[in-house]
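Think of it as A, B, C and D in the order they're written, each chain with its own count starting at 1.
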Amino acid sequence: MSTTSPGSESGHHDPHLAHHFENAEQQADSAKLGMWIFLATELLFFSGLFCAYAMYRANHPEIFIWADQFLDKKLGGLNTVILICSSLTMAWAVRAAQLGRRRALAILLTATLVFAACFLGVKGIEYNTKWKHGLLWGKYYHPHVEGAAESGAAPVTAPPAAAPDKAAAASDGTEIPPAAEGPAGLAPANAPAHEIPASAPKNVQIFFSIYFVMTGLHGIHVIAGMIVIAWLLRRTLRGEFGDGYATPVDNVGLYWHLVDIIWIYLFPLLYLIR
Amino acid sequence: MAEAHQTTGVHVVPLKVLVAVWAGLVFLTWLTFAASRINLGSLNLWVAMGIATAKGSLVLLYFMHLRWDKRFYALVFVGTLLFVMLFVGGVLIDTTHYQSQMIPGYAPGMHGQ
Amino acid sequence: MTSVNPPPPGEGAAAALAVGGDSYLSHAKGLRSWIFTLDHKRIGVMYLVAVLTSFFLGGVFALLVRTELWTPGRTIVSADTYNKLFTLHGAVMIFLVLIPSIPATIGNFVLPLMLGAKDVALPRLNLASFHLYVVGAVFLLAAILTGGVDTGWTFYTPYSVTTGTSVILTTLGAFILGFSSIFTGLNFIVTLHKMRPKGMSWFRMPLLLWSLYATAIIQVLATPVLGITLLLLVAERTLGIGIFNPALGGDPLLFQHFFWFYSHPAVYIMILPAMGIESELISVFSRKHIFGYNFIAYSSIAIAVFGFLVWGHHMFVSGQSGLANMIFSLLTFSVAIPSAVKVFNWLATMYKGSIRFDTPMLYALAFIFLFAIGGLTGLFLGALATDVHLHDTYFVVAHFHYTMFGGTVIAFLGGLHYWWPKFFGRRYSERWGKIAALLVFVGFNLTFFTQFVMGSHGMPRRYYNYLPQFTPYHQASTIGSYILALGFFVMAGYLAHSLIKGERAPANPWGAATLEWRTSSPPPYYNFEHEMTAGDPYDLDTVRFVSRAEGWVPATEGAGS
Amino acid sequence: MTTLLHCALLALTAAPGKPSFLMPREASTVAGEVDHLFYLVLGISAFFFLLVVGIMLYFVIRYRYREGVAAEKTATHNTALEVTWTVIPLTLALVIFAYGFKGFIDIVTPPANAYEVLVTAQKWSWQFTYPNGYVDKDLHVPVNRPVRLVMQSQDVIHSLYVPAFRIKRDVVPGRYNKAWFQATTPGEYQLFCAEYCGTGHSTMLAKVIVHRPGGFDTWLADASNLLKTMSPVDAGRHLYTVRGCAQCHSIDGSGKTGPTFKGFFGHKVVLSTGQAITADEDYVRESILDPQAKVVAGFEPVMPTFQGRLTNEDITSIIQYLKSLSAGPKGGGGK
């Protein structure tokens, strides 16, 4: 344990051991446990979006089925494979760091960065097509693309004012406008799941809000991952991680794999809706 | 190949395993893509989720080497999943049961478009 | 515990430190040594100063709110200003004071000492947590200076989406404070798992550490959901994504679900550390071993876990479905049981003790009194039928002040007085301490017990202008709030005085058996001379009283320390 | 023991109709049930509070520090004791939950023959629309008859709260939230907004006037007869704005879902059947009561019928208003 590589800590016998730890193993365990708990917070951070997705899909399946036609499944699939490759190179980089092979580590980290950049590039293309067709979120949703254009541009809304008369007609018993019965389970059990409804359902902008928030936040996490990997690359090129001390690389690898797992779930949920 | 030593207690994942897992993931991606073309009605969602969970566990067990690490890290991850499911389940239980009060398609804000 | 080049261990070293020779306070000089310190004790003290300043700010807002409510119509401010005052009172008190108060100030300082450790596991993360706290506080301050925010601390949509006040600054401030809270929680979990000394298994740990562990679990699991909620709210206002805004097809109830999924566990983040301090104080000041250690420890974890199941009881009347109302009401009653078990265990601890009435014990007793009222009034709000009448009235305001103020703040004051000698090596004046405690107790009850009665008579919450029939209640409550403020001024006075001219404190002034009393007061920057082995934290026979100046010393002098 | 305490506390409550010690006066069918549960929980809480604080004070006095008297060694745990003080509070809690849920079922399930009033909440005022279309800013209800409120908000979340009836329900935009009550004693009660909604949250009040038997119908007929206070043209204009005509028929000539009323009355109109008629009183009256009979060419037959929701005086007022619109500038357009 007494290699003389320039330690980042004060120069006592183990270069990486912080003063308040008993031994390196305790320090490595602490760092890893800390990382896993941080991954737990990331998971819960995204759980908010998965919850919004589940709620709107369970209650308005027609929107999701209708809007799915505007998402390019091939690009989505390609992106998934790109991220899986970046996961491979990252895991391989961790292995190289553990074995102290600094050159392989540098190459693999660069490869991971390249894959991540490709992922963002493909994402950029997708966003561009949506921008052109006006398939944006919330109040910016004004589709001018062949699929949605002719079937009622802005969703026809039931102005609340008119509803009172119908609602107030207690005497002749006309019921309040029938509500869209949301199915109980997650899957649209009784909704017309298969043929796309001719006219666009109302509030389609909700799907695109969720799509952009989910993929946007995931994109931000990919960018953050790229920054941290670049920082690792710089430290590698400056000569660290030669002696098998791999905790930072290991932790960044854990973070990167979590970002990949989140995309693994995002891909079927957003792109493959039946 | 064997000149560098490795810090004690850290498991180095053999390269063969890494590449095998990678291949498995790519195959499962193709599988979920293919499965989505078959019309299984409401089952489609659960099949897609099943395949995604399989892929996720592959990444967790091998790439994040949960298989060889302390059990506690796996416990932390699974425990978090429980809380995520509790959150999503709780919200779904409520929201699916009050849909009957919603005014269908109500979005006066969209008049401007 | 390889001790890192401690000063030459000699008989005099401990005595020298006690005189504030080379303690953590005097170890390094200059502002930079404080701003970039990695020493958990210094971070704890900096948090203490920041939390107390925020408490003062929140208190000022509270007094302005109470003064405005002296008469029904306009008393001192307009309706808009009043709305901003109660919102900022809520936001400052919750995000800047209650959430970080005990874990970040007393927890940061005392947890490593109780473990006989040199520092928390991740000191840099600890410092990052404090820096994020300051940045978050600056955001809230910026929100105050740019005209404040008037949505209530709950930021309910669609009002928070449509109002013109600086909601974005406040939500970003709370978002950053969330990460500060996550980092503290994460740090404590790793420290408790990895840095316990020899002889301290999970069930020979002080109960304060159990409650800090349970709090950390909640901080780590609940705060991210607040993060995503506030992020979506900011996106709602800036980009108009329309997930929570009914005008764009969204559902405002979804926001309430997101918000309360964090905010109910958040109230357990606030109360659990208070219960941890309570266990320490009751045991030491009754000179009795804690009763039912396992049950208190398990009930901390039970509260943490059940706390996640009950968030729907905030939405009984907001249109939540009947099924969800029933489920959440049932689960709400299950979460009341562990708190009751703890109170009974504290009482059993006091049985046949030798109870001293130093200031920390007065606050501990006040805690049992006030938290009993706070907890029991939760039964009214948990039962569906009565909640329909009582929801969003002053009954709820009184309930959460009894649990938050009567619980967390009172226990925080008890803990502050208890560890004050350890923090600064000085004793405070017991006489003034008792006077201040009495003022706080009387002022608090006068302020908030009247609000129970007002609430059950149907006085709605957050009302700037109220019906004349409620005037006597409001006036009594305002008088109470002034007595409360007086109590705090007295406290600020004698605590400040103790810092300068306070009587020197020995290593163990109260005769407790936990490890932090084995090092000097204030402790050296490296905490312990040599490695500590932990015994039973509540076995008070291991210490014997020598004199007021010497305090308590280990019973078998020299061995086992 | 708790029931004894509970009865003592109940004795404090005066007869219904007078504010009791802790609760406002009971003026609805569910109020009694809610108060019963309130005092039951109060009894249990008071009992446990006195128990806990009593024991604490006794211990504090009995076992206070005395020179030379050390604390005695007692057992440090007793599982049986722990189990008892877990099970007892749990059972009491479940009892309270059961009462609470039963009461809640009564509070949220309206009886079938409820009289329906539509409530519209907007930033800082309430509007109550009665079945005959009359809109008032106060809620008038008959006594001893269930009233069902169908509530909807125009902007932010409000909450309809009548302490005397023990009912409260949030009014959320984008949905119809329902509440019901049955008033038992005639009189005037205060209605609050209970969910924070901005500057005027505390002034967003309304009165609930419970009429004596028979008093309500006379009031409604009198209040909704607009001609008593307005000229026919003004009454027609009021109905045009309030009853939703404005939603589909413009008065400035612009095309909407329905034909514009500007210059409509007395002129030639081509129907979807190709037949041309003059828009006279009979055509307007028929189109109000049976809209699909003669639809103007180029318009969808989507107009709802107003059969039974507009009295004859209302229809004549609307016709006068339409005349004023096509009588040129003198007539004066809408708002």
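Annotations for the structure displayed:
Convention: a contact is a pair of C-beta atoms (placed from the backbone, for glycine too) under 8 Å apart; a residue touches a chain by one contact, two chains touch by 3 or more.
All of these numbers come straight from a predicted model, not from anything done at the bench.
Compared on C-beta pairs in contact, C-D and B-D come out with C-D as the pair having more. The chain with its Cα centroid farthest from the Cα centroid of chain B is D. Chain C has its Cα centroid nearest to the centroid of all protein Cα atoms in the structure. Taking each chain's centre as the mean of its C-alpha atoms, chain B lies 45 Å from chain D.
In this assembly, the C-alpha centroid of chain C lies 40 Å from the C-alpha centroid of chain D.
Distance between chain B and chain C, defined via averaged C-alpha coordinates, is recorded as 36 Å.
Residues of chain A found to touch two or more other chains are 29, 33, 37, 40, 44, 47, 51, 55, 139, 155, 159-160, 163, 202-203, 205.
Of all residues in chain B, those that touch two or more other chains are 72, 80, 83, 87, 91, 95, 97-98, 101-103, 105-110.
For chain D, residues touching at least two other chains, in rising order: 152, 173-177.
By the touch criterion stated above, chain A contacts chain B in their complex at residues 24-25, 28-29, 32-33, 36-37, 39-40, 43-44, 47, 50-51, 54-55, 58-59, 73, 77, 80-81, 84-85, 87-88, 90-92, 94-95, 98-101, 139, 141-142, 153-160, 163, 177-189, 193-194, 201-203, 205, 242-246, 250, 253-254, 257-258, 260-261, 264-265, 267-269, 272, 274. Interface residues of chain B facing chain A in the complex, by the touch rule stated above, are 4-10, 12-13, 15, 18-19, 21-22, 25-26, 29-30, 32-33, 35-36, 39-46, 48-49, 51-52, 55-56, 59-60, 62-64, 69-70, 72-73, 76-77, 79-81, 83-84, 87-88, 91-92, 95-97, 99-113.
The residues of chain C lying in touch with chain D in their complex are 79-80, 83, 150-152, 156, 158-159, 162-163, 246-247, 251-253, 286-295, 317-319, 322, 325-326, 329-330, 333-334, 336-337, 340-341, 343-345, 347-348, 350-357, 365, 368-369, 372-373, 376-377, 379-380, 382-389, 391-393, 453, 456-458, 460-467, 538, 540. Of all the residues in chain C, the ones that touch chain B in their complex are 193, 221, 225, 242, 245-249, 251, 253-254, 257-258, 261, 308-309, 311-312, 319-324, 327. Remark: chain B residues 98, 101-103, 106 touch chain D in the complex.
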